[in-house]
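When the chains are written out, they are named A, B, C and D in that same order, and each has its own residue count from 1.
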Amino acid sequence: MLEIISALQEMSQTLKEEFNRLDGTQGDGDLGVTVELVTKAIHEAASEASDVQSWMKQSGVLVRKQAPSTMGVLLSFALSAAAKSLVDKDVTSLNTWIDVQLAMIEEIKKRGGANLGDRTVLDAFIPASEAFRAAVGAGSTVQAALQRATKSALNGAEATKNLVPKTGRASWVGERAIGEMDGGAWLCYKVYDTIYRIF
Amino acid sequence: MLEIISALQEMSQTLKEEFNRLDGTQGDGDLGVTVELVTKAIHEAASEASDVQSWMKQSGVLVRKQAPSTMGVLLSFALSAAAKSLVDKDVTSLNTWIDVQLAMIEEIKKRGGANLGDRTVLDAFIPASEAFRAAVGAGSTVQAALQRATKSALNGAEATKNLVPKTGRASWVGERAIGEMDGGAWLCYKVYDTIYRIF
Amino acid sequence: MKKILNHPDDFVDESISGILLAHSNFLTPVEGEPRAIIRKDAPVQGKVAIATGGGYGHLPVFLGYVGEGMADGVSVGNVFTSPSADAMFEVTKAIDGGAGVLYLYGNYFGDKMNFDYAAELAADEGIRVETVRVSDDVASAPFESKDKRRGVAGLFFVYKIAGACAEAGASLDEVKRVAEQALESVRTMGVGLAPCIIPASGKPTFEIGADEVELGIGIHGEPGIQKQQLATANEIIAQLLEHLVSDLNVKSGDEVCVLVNGTGSTPLEELYIAYKEVHEWLAKKGIQIYRPFVGEYATSLEMAGLSLSLLKMNDSLKPFMDAPARTPFIRL
Amino acid sequence: MKKILNHPDDFVDESISGILLAHSNFLTPVEGEPRAIIRKDAPVQGKVAIATGGGYGHLPVFLGYVGEGMADGVSVGNVFTSPSADAMFEVTKAIDGGAGVLYLYGNYFGDKMNFDYAAELAADEGIRVETVRVSDDVASAPFESKDKRRGVAGLFFVYKIAGACAEAGASLDEVKRVAEQALESVRTMGVGLAPCIIPASGKPTFEIGADEVELGIGIHGEPGIQKQQLATANEIIAQLLEHLVSDLNVKSGDEVCVLVNGTGSTPLEELYIAYKEVHEWLAKKGIQIYRPFVGEYATSLEMAGLSLSLLKMNDSLKPFMDAPARTPFIRL
């Protein structure tokens, strides 16, 4: 777990400017800052937590306090929802992690009111989680499932290039956003990718 | 007279930026604007005046109203003093014009409190007027007298390059002013030069 | 980046600290939450409290509107970023005088999610919260979806009206109704000439040509309707007014309050040239000016540009507009 | 040059026209002299009148200080240029309420010559005029020749004190004495980060490197003590305060008013970081702050930077500092 957190933090530092740039083409160019604050918060949460469930719970609280931008708040809600879905679950079972992803997606949909095709993080997250589930259903290893999820996340993120934003700050840009990926979707791909590389 | 005014106005337009630049190295860089406003005002005064005396009088009033910077006000006072000294005088006599220059210099000294060597317009005006007087005294023509005055004005202006300003805005710059001519002194040279070229 | 600061990371906290040191007789932070700041005399018992909040870098928005006749408390985020729901919740608890709390802030998604969550936390504690999100920027969405619009300088008018209404002792429902009426009556549109630099990023918020302006810019540098050539004050103001007047449906004989707002580095001298144009344009159309405001009411650090807001007046709004207001930043 | 204006030649007149349109209940021009502007209620019979004036581009200096408890009238020049003696004389005649007129303005040679000439004209009409020239900028001349110093943001304090004194009904001699006392007690020093552009010239007023600041800059961009590397707010403020405190001879136990003044495009957020540094530095030396002011009190169009002024307080100045003041630009 600590390894994943460190890797995510490293990723956030390496890609900070790129996140800012992607966000800047359609938003306010601060996504890199948010991602950095989020990974810092989940790192801090790890030092206060004894297991994955309590880490996710504490992450939800700290991210909410320390990174309260759109992406940050949605992630904090998603982390809290993930923590809730983990209560009394077997964290070594891949099915548990299918549920965690679904719980996060549901919470992001509920809080943000967006859906597939609105050019958000969901356009990578939903296909990635489905690919993960399908792979697990077909008996894949965790590595293989993560690989397929990562690939789907990337495809989903790439596809946002042609989507007109419907929500958030980017919606004011409208058609002008077309051509670049959505920053949040690309972040989702990078998170899957980072985790996949650890396993 | 109109010819001189037009020539002065043309000079002010051609050299505006250079006056601004010289003033900028030690002041606020607006001398070119002032010179433009002054020549505009004396042009306007000419259309309201019937003779040299009334033109100078009216020039004093209009310059004061329309170009009230340091150089402008000193010139307006000087013009008013010149007008006063012209009352009932023979304007075709060169001696009259010696007195006019002296009256202007006295007024500038009185109003501005500066003297030779303080790095002002006076450092060109005083030597120029003296050269003019000397030339007239030696029986020179108006052309020759103006030529000698122009040359002395230029020498005086050049010499300001090595003077530390004691008065006005430039005094705050102190030693830093050394190296460039005083804008007001250079203006004085340019006025003599312009008039000389007409005759 | 050439700024008067110590370290970009401390920009917000040190700036707030300066405000609290300078205005300790007006403002105080909530114990344990330095980004939650309230009126010194909060909670005012029996008065509806108004809570606001949002990203930093827009002074006097938001912190500068805390005071008598305006807002009761504010939560402050990082530059151009929402404050946390936790800070909002702390403000809510500290200002509630028993008559409930109105959340009054600019319409941004991040802020909305945080304020909504703070309202959930407040509800758990039995504090009644209502919300009005200011969405006055006509450039950010068409009339049909005007609740999607951004909140910009028109915030000032809504604080003024709602704050006076609350100060006058109205109920939460009434304050909310009046705030919504003000919101219905206000429109804003801006023009950007040069970007600002967010201390943490060190980069300009947008790019623009030497002779270009961004028409309909947002207060974080969000792109507007179009980039266009710099025109005269007369032309720019006519363009803004045409959008505003048609969207707000102002006609000859109507009365409006006018706000010519500088976004940061635009000299007051230029804002008054703009005001002259506004005044003359409206006069030509037979539109009366009830009260003009010219100055910096909602900024974006050192962004160059201005925004123009109109508040369509009616007799019920006038007493609220004329009531006094007194914060360390605004005196009316 | 990217500015909100119509034509550079009309910059001053159109801007003044906007101010008069917006604030017609406070200000009025003198008939026939549009650059001579006075309080609407001038002349106030029996009250000593205060006339000020100077170049445009420094709002709220000078026009913004005309109002109750401050100045009675102002003559306005072109950008950074003295107004004419004629406009000053018109103001003098229009504001004299029989108790005489104090000329109170910044120490610039052009202004001095014009005001002195206006005083001659006034004397011819039997109006008693006294003069106090504010020369607060420590960077512009050494202590020994402090009457040569420039007048900068410290003007605000002298208007405040002298204006309150005149409003209180003091005689011309008394108002002059109190103004001189305020002048003796005020010191200012500024730092410039970026120049402004005078509309008529279209060029920056000075040149400066990307990481440089001009220490001791004047309000027209006059060079100061030195160009130096941009330092932290902490270091810059310490530098300014060391000059001010030693020049003014402020010691532990003394009380001062503080003015952190933005020169145009410096965000309020930064000014408050600066104020925090001032507050902490003074506290460490045991110097009390009687009252702080933070904001734009004397600008140079969109020049970036700030100035810091200290007014050494004594008991006789306090009532004048605490008295109300009310102009369209300043409310205290």
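By definition in this document, contacts are C-beta pairs under 8 Å (C-beta built on N, C-alpha and C of every residue); 3 or more make two chains touch, one makes a residue touch a chain.
Because the structure is a prediction, the values reported are computed rather than measured.
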| item | value |
| --- | --- |
| Least step count from chain B to chain C, where 1 means the two chains touch | 2 |
| Farthest chain (mean CA position) relative to chain A | B |
| Separation of chain A from chain B, taking each centre as the mean of its C-alpha atoms, in whole Å | 76 |
| Between chain B and chain D, centroid-to-centroid distance (C-alpha), Å | 32 |
| Distance from chain D to chain A - Cα centre to Cα centre, in angstrom | 55 |
| Touching two or more other chains - residue numbers and ranges from chain A | none |
| Multi-partner residues of chain D (at least 2 other chains) | none |
| Contact graph of the chains (line, ring, star, complete, other) | line |
| Every chain pair meeting the contact rule | A-C, B-D, C-D |
| Contact set on chain A toward chain C in their complex | 20, 27-30, 33-34, 64-66, 68-70, 72-74, 77, 111-112, 167-169, 171-173, 176 |
| Complex contacts: residues of chain C adjacent to chain A | 77-78, 80-86, 108-110, 113-114, 117, 140-141, 148, 150, 198, 200-201, 203, 205, 218, 220-223 |
| Contact set on chain D toward chain C in their complex | 2-7, 11-12, 14-19, 21-22, 56-57, 59-60, 64, 193-194, 196, 210-211, 213, 230, 232-234, 236, 264-277, 279, 292, 294, 296, 299, 301-302, 304, 306, 331 |
